[in-house]
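Common to both upcoming complexes is chain A, partnered first by chain B, then by chain C.
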Partner chain A sequence: MSGADTQVRHGNDEAVDVSDPRLSRFDLVREGARRDGVEIVHYAPRFPVPGTKAEKRVERTIALFFMLTGLFATAFVVIFVAWHWEWHPGNNAGSWFTPLLGVSLALMLFCVGAAIIVFAKKLLPEEVAVQERHDGASPRDEQVLTGATLLNMADEAGLGRRPLLKGAIALGLAPVAAVPLVALGGMIDDPHDEDMYHKTGFDPEANGGNKVRLMRENLTPVRPEEISAGGQITVFPAIPHGATNQHADSPTLLIHLRQTDADELRRNLGHVPINEGDMYGNYVAYSKICTHAGCPASLYEQQTNRLLCPCHQSQFSITDNARPVFGPATRRLPMLPLEVDSEGFFVAKSDFEVPIGPGFWERA
Partner chain B sequence: MKRRKLDLAALPAKSAEEVDARLTVATPLRRLLNKVFPDHWSFLLGEIALYSFIVLLLSGTYLALFFDPSMEEVVYDGAYSPLRGIGMSRAFESALELSFEVRGGLFMRQMHHWAALLFMAAIVVHMFRVFFTGAFRKPRELNWIIGSLLFWIGFLAGFTGYGLPDDALSGTGLRIAHAIMLSIPVIGSWVASSFFGGEFPGTVIVPRMYIAHVLLIPGVLLGLISAHMGLLVKQKHTQWPGPGRTNDNVVGVRMFPGFAAKAGGFFMIVFAVIALMAGLFQINPIWIFGPYQAATVSSASQPDWYVMFLDGSTRLMPPWEIRLFGYTLPPLFWPTVALPGVLTMLPLLYPFIEARFLKDNQAHHLLQRPRDVPTRTALGAMAVAFWAVLTLSGGNDVIAEQFHISLNAMTWAGRIGLIVVPPLAYYIAYRVCLALQQHDREVLAHGVETGIIKRLPDGGFVEIHQPLAPLDAHGHPEPLEYLGAPVPKKMNRLGALLPTVRGFFYPIEKPAPPVRLDQPSEAPVSPAPARSEITTGS
Partner chain C sequence: MSWKLGRRRRAVRPDDAVPAFTPPGRWRRRLEATVRLIAALTIVGGLYAALAPGVSQAEDTPPLSADAVQGKQLYETTCISCHGPNAQGVENRGPSLIGAGSAAVEFQVGTGRMPMARQEAQAQKKPPHYSWEQAAQIGAYIQELGGGPTLPKGQKLRATDEKAISRGGELYRINCSACHGFGLGGGALSSGKYAPSLNDASDREIYAAMLTGPQNMPVFGDAQLTPEEKLAVIGYIQSLKANKDPGGFGMKRFGPVSEGLMIFLVGMVALVFATLWIAGKS
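On to the complex of A and B.
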C-alpha cells in the first residue's frame, strides 16, 4: 500500500493515462475514484513504519479474536450435538442447554465481529473521501425529451381520436377488475347467517329444543347447594364441546350471592326489565365475556362486589345488573336466566336475552 | 506434445475479463466500491434494524420447518409433563414441540422473538433520529414514508407472529383484535366474520395469519426494505455539517474496504447480542401461559412492547358510546382504529406540512442539530411524551400493583397525563433547545471557559475565556457566525490542554503533548477552495 504522498502528480481534470508504468496501484485507485466523482483527500496508513511493536500488538489482537471465534464455534457444535438437552422437570442438564447455546453462539459472533472491526479501525488506512452529489432535477433537455417520448405514446395510441376504442376498453376492462374481487369475495362470511353474534351455546333451539344445563369445565352439571354463599364458578353450556373454544361466546360466571347482596340485586333488578325473573334464589349468572373487547371478566372482588376485567380494567357492579362502573366498557354484562331442572341441576331458561360480548354497529 | 500450462496467477484477472466481456460491469462495480459513506454513530440505528430483520428471516424460516398452524383439537402427550392430558390446538402443540422436542428449537424461538423486539426498537429509534435531525426533508420524503410504513408492517408482523402459537396470550390478543374489527362502523361485523371465517375464534384465523406472517408480510417487508436501501444508495446519505462538508458533497470513507468491514463486523455484534438474549432471557414462555381458553386469561400477561401503546389508549378511553337510529359506535373504535389511523397519516404527511409551513422547497443534505430547530424538536418531544403516557398506561395494572396505587387512580393519571404531559414536553423541549443554542452563541462570542479565575484590582472575580476567533485591531475577538455545527466547549477540544486520556481501568495510551495554540494543527480535511458556504442548509 503506498501512501498518498507517493502519487504521481496530475492535474485535477485531465484523465490520467492508466498505462503509464510510473503509476503505482494507489495512483490507479485514486484515478478510478476520481472518475467516479470521489476525491480521496486523506489516506494514511495506520502504521507508517511497518513492523513496529504497536502494529504487532494489533495483529496479535485480531489473530486472537479469530482463534477464539473458532473455539466458540466448536463449543457451540459440541454442545448442540452432545449435550443432554431433553427437558425434564426441575433443574438439570436440560435447563442449561439453551443458555449454553446462546452464550457460545454469542461469543463466536462477538469474536468475529470484534476481529473485523479492529481490523477495519486499526489496520486499514485512515481515509477521508469526498464524493460530489449529483442529485436534483435532471437537465431541462432531458426532461423535455422524456416528456415528449411519453406523450408520443399517447399520441400514437390516439385514443382521443378513437372514441369507439376508448369506450370499448373501459367497458371491456371494468369487469376484469371484478374477477379478482369476486375471487377474494370468497372470504366474505355473512355475520347474520345463523345469527352468530346473538346466539350462544345456551340456545335451547340448537339443543333439540331442550333447555341447556350449566356445567363445569370438567363437564359435570352444577347443583345450587354445591356453591357456598359468596362463591362463584365458571360454567359452560352442557352440550358437546361446550367448554371448548368452539363456544368461545358461552363462558358464564355463576355466583351465589350472600343474602344482603342478593337482596340488593333483587331491588335493582327492575333497572333492567329484561333481567327480571332471571335470578334463581340468591344465584345469578352473568356472561363472562367482557362487553368491552371480549376478554373474560374474571376477577371477582368480594368486598365491593365488583367484577374486574384484567384486559382494560373495566369494573362491573354485580349487585346492580353488572353495570359498568369504571373503565372503558359501556354495557352491562348480560344475565343468563337461571332455573333448576327436575333432577336439581342448574339450566338456562333461555339463551342470553341480549348479545354477549363487545359492541358492534348493528347491535342496537 | 505441447501442454497448455494453467497460469494460476493470471486466473483472477482472466476470469474478471471474461465476466466483464459478458456483463460490462467494470465501471458500475468500481462506482459501487467507491461509494462514500459518512460516519456517525446515529447512522447505525437503521443498520441494527436491517440486521435484526436478516436474523428474523433466518430464524423464522427455521421455525416454519417445524411449526404447524392447525387448529385441530389434540390432547397433549409430549415431553413437557405438566401439560400432559390437556386439550389444545395442534398449533399450540407444535409450538410446544418446538420448545421441548426439537433440539435447539427453544433457542430459535427465543432468537426469533428477541430479534422481533429489537427490530421494532431499532426502527423506532431510527425514526426518531431521522425526525429530530431533519433527514426526512426534500428529497428524502419518499424514504421517510417507506420507513413509517415499515413500522406499521413490522407491527403487523409481530402481532401475527405472536398470535400463531395459540397460547393464552395470543388468544387474548386475537379476541381483542376481533372486537376491534367489530367496532368499525357499518361493516364491522362483516369484517370480523370474514377474517375469522365465522364466529370467534373458529379454525381458519391461525392458518390465515400463518400465511400472512411467513409469506405476505415478509414479502412486503423485503420489498419495502429493498426500496428503502435503493433510495438510500441513489440519493446518498445525509451528513452532519462540519469542515469541508457542503450540501453538494458527501465526506466519509469509501464503501470498500472501510465501510463494508465495519458494517460486517457490526452485523456480527448485533447478531451476537440477539443470540445472547435468546440464550439467557426467557421470552414468551407459552407453556406457562397454557393453551388459549376463552374463559381464562393469564394475569399480568403483557403484549410485546410495541403493541402496548394501543393497549394503553384502550384502557384510558372513557366509556363513551354513540348510539344513533338504532346503531352503535363502540368506544373501542376511537383508541384502536381512529387513533392508529391518525398516527399513520400524521407522520406520513409531516415532511410536506413542515415544508409548506416554512415555505421551503430546497433539497437538504446536511443534517440539523435538534437544538437548531426548536419547533420541530418540541413537536417530536410532544409525540414521544404522548406515546410514553400511552405505553405506561398499557402496563398500568402492573405499576399499580408494584407501587400499591389504586388502579382507578392510575387510569385517571393516564387520562389527565395524556392531555397535560405532551404540551409540557413541548414547552420544556423548546426551552432546552433555545438554552443550548444560547450557550453555543455565548461560546462563539466570548470563547471557551478556561476555568481560570482572575481577580480584578477592584476585588471582583472574572473567569478568563479563550476566544475562538482571531482578535481584531482592538483586541476583541472577531464575531463568529452561528452555523449549526458543534462548538468546542472544553479547552482540550482546542488542543490547549491535555486531551482526555482513554481507557477504562488504566490508560491505554500516553496523552499527547498539548498543541500550541499559535500553531494550529491541520484540520483532517482541508476544504476544496471554491465550495459554497457551510450551513445547515436550512
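On to the complex of A and C.
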C-alpha cells in the first residue's frame, strides 16, 4: 500500500509538508505512522522527570539481566569447550555435559528475553496507537489492474507463438518430475513377488537344498536339551546374514512346552492340518512376526501359554496353534516344522508353510 | 535225559557195596530241589518282611539339616495352608513344590511375593514377610524334600568388566526386553498380569528369577543361559541403573517419542501461558 494511496484514502486530515523545518522529529514519526494508517493517540514517557530513583532501579534491573545473559552465554561456551563430554558407564562428569549445556542455554535465553521485556514495558514511553484495517476484498480497480499485469507477463513470454520453447520446457521439466517419483517408487515392493512374501531364511532352496539349522543371535546352533521346559529362545536361520535385517522376516520363537501343555497342543494340531507333524517332542516354533502389524510377538507367558504382541496387545494361544484369542490380529502365527539333524541340532524341515507376518490382499 | 538216568540206575544197581556213592533217586532229588526253593523263598521273603518297614520309615524322616529344620517350622506356620503338608500342593490353592528348588523359594519368599495376600492374577512384590535368611531356610527344606535348582553362594552375582556387560546387553535385548522393557520399567501382560520393573531388583533376585521362571516368566536354565551369561545380564541391568541419563530428565526411559511429546505438550502450554501473562501485564 503506497503512501499516496493511504493519503487518498485517509485524506480527511490536512496533508503535512515534510520539508517544513518547524516539524520536530517526533512530528515526522507521527506523520509517518499516520501515512501507514496508524494513529498515535497517546504518547507519554514512563519517567517524566529524568534521573529519578525509580528510573535508576529499572535501569539496574535491565542491566542485570543483560549481564546475566552474557554470563550464561559464556558459561555455555566454556562448558562446550572445556567440560568432559565423553560418555562413560556410571554417574560421572560426562553424564552432566548435555544437561549443563541445556541449563546454561535456557538461562541465557530467559535472561535476554527478560531484559528486552522489562526494557520495553518499564523504560520505553507509554504509547497507545490505533491502526485501521482495510475491508476483506481488494477494490475492483486493483483486481482489474492485477489481472492485466499477470496476463501481460504471459504475453511477454510469448509461448503461444514460440512452439520450440514450449516443447523444450515440457521435455526438460518432465524428467525433473521423475526424480522424486523414482526415489519414492523404489520403496514400494512388488506384492506379487513370491520370494518376498512366501519365503523366509528357513527356505532350504536358498541353502543349496540343505535343511536350514536354527541358530541363536550369536550364530551358535541349538540343541533340544539347551532349552529349559517352560523356556523359550529366539532363533534365526543359520545362513549367512541370517540374524541380520537381510532376513528380518525370519526370527522365530522356539518354545519348550511342559509335558501337559505339549500334550494339549498335540491334540489340537489337527485343528490346522498344515501344522501336523511340525512339533519335535515337546518343542514348537512359531514365527515371531505378529500377523497384525509385524511387531515381534514374543511376550511368552509360560503358565497361561500365551504369546503377546506389545504393540496392539494381540494374544495368541500357544497350545492351540497360536490361535489369536485377543486383540486385533486375525490370523494364527505360522508354525515352523521342526526336526533334529544327525548331529543333534534343530533344523527346519521346510520353510514356513504359510506366509509370515501381516495379512495381505491376496489371502483370505 | 531219561535215557542217561535210566542207564546209570542200571549200572549202579548190581553193586550195593559202596552206598556212599549211590546217586539219589529221581524222586528224592526232585523233593530236595523243592525244599531248597521253598527255604530260599522263605528266607528272602522273611528278610524283606523284616527289613522293608524299616526302609520306608527311613525315607519318611531323612535327617534334615539344621537350616531345613528351621525352614520346616516356618513352612508349617505359613506355607502349609496352600502348598499342603510335605509341599505336595493343594488343589485350586497352591501348586506342588516338589522339584521347585531352593532358588524358587528364595525368590518368591525373599521378595515378599509369597506368602500371597490373596488369590489374584499375579503375586505382587511387597515388603517381605520373612527375611532372605528365613527364605533360604524354607528353601533348604523344600530343596531337601524334592530337589530343584539352587542359587550360587554370595550376594554380588554380577559381571563387572565392560565386555561382559556389553554381551549382557545383547542377551537382555533379545531375551528380556520384550516384557521388561528397554529401560527396565516392566510392562503389561494379559489379563491383569504384568512383567515387574527391574529397578529395585537385586542381583540375587534377578538370578533366581532367570533360573526358575517365577509365575509367567519363561525359565532360563543353565543350559540355555550359562551362569556366566546370567552374570553378564545382571551386570548389564545393574550398570543401566547406575548410569545417569545423559540427556537430563529421562522420564523413566520411555523413549524419544514420549520425550518429544512431553516437550511439545508441556513446553507449548507453558509458552502460551507465559505469553498470556506477559501480555496481561501491559
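The definition used in the following text is that the second predicted complex is superposed on the first by the 296 of 364 C-alpha atoms of A that agree within 3 Å, B and C clash if a C-alpha of one lies under 4 Å from a C-alpha of the other, contacts with A are read in each partner's own complex, and residues count from 1 in each chain.
Definition applied: a contact is a pair of C-beta atoms (placed from the backbone, for glycine too) under 8 Å apart; a residue touches a chain by one contact, two chains touch by 3 or more.
Everything numeric in this text was worked out from a predicted model, so none of it was measured.
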Partners on chain A (chain B, chain C) - clash or fit: clash
Contacts of A:Asn275 with chain B and chain C, given as first, second, both or neither: neither
Contacts of A:Gly230 with chain B and chain C, given as first, second, both or neither: second
Chain B versus chain C as contact partner of A:Pro89, first or second or both or neither: both
Contacts of A:Ser287 with chain B and chain C, given as first, second, both or neither: neither
Which of chain B and chain C A:Pro296 touches, first, second, both or neither: both
First, second, both or neither for A:Phe326, with chain B first and chain C second: both
Most chain A residues touched (candidates chain B, chain C): B
Partner chain in contact with A:Thr98 - chain B first, chain C second, else both or neither: both
Partner chain in contact with A:Arg306 - chain B first, chain C second, else both or neither: second
Residues of chain A at both interfaces, chain B in one complex, chain C in the other: 87, 89, 97-99, 102, 117, 121, 217, 234, 296, 298-299, 310, 313, 326
Residues of chain A that touch chain C when the two form their complex: 87, 89-91, 94-99, 102, 117, 121, 217-218, 225-234, 296, 298-304, 306, 308, 310, 313, 315, 326
Of chain C, residues touching chain A in the complex: 162, 165, 170, 174-175, 178-179, 187-191, 193, 195, 213, 215-221, 223-224, 239, 242-248, 278, 281-282
Chain B - residues contacting chain A, complex: 30-31, 34-36, 73, 79-82, 87, 89, 100, 103-104, 106-107, 110, 139, 171-172, 175-176, 178-180, 182-190, 192-201, 235-236, 244, 247-254, 257-258, 261-262, 264-269, 271-273, 275-280, 292-297, 299, 311, 314-321, 323, 326-332, 335, 363, 365, 396-397, 407-408, 411, 524-526, 528
Of all residues in chain A, those that touch chain B in their complex: 32-33, 36, 38-42, 80, 85-87, 89, 97-103, 105-110, 112-117, 119-121, 124, 127-133, 135-136, 187-192, 196-197, 217, 234, 236, 243-245, 247-251, 288-289, 292-296, 298-299, 310-314, 324, 326-331, 357-364
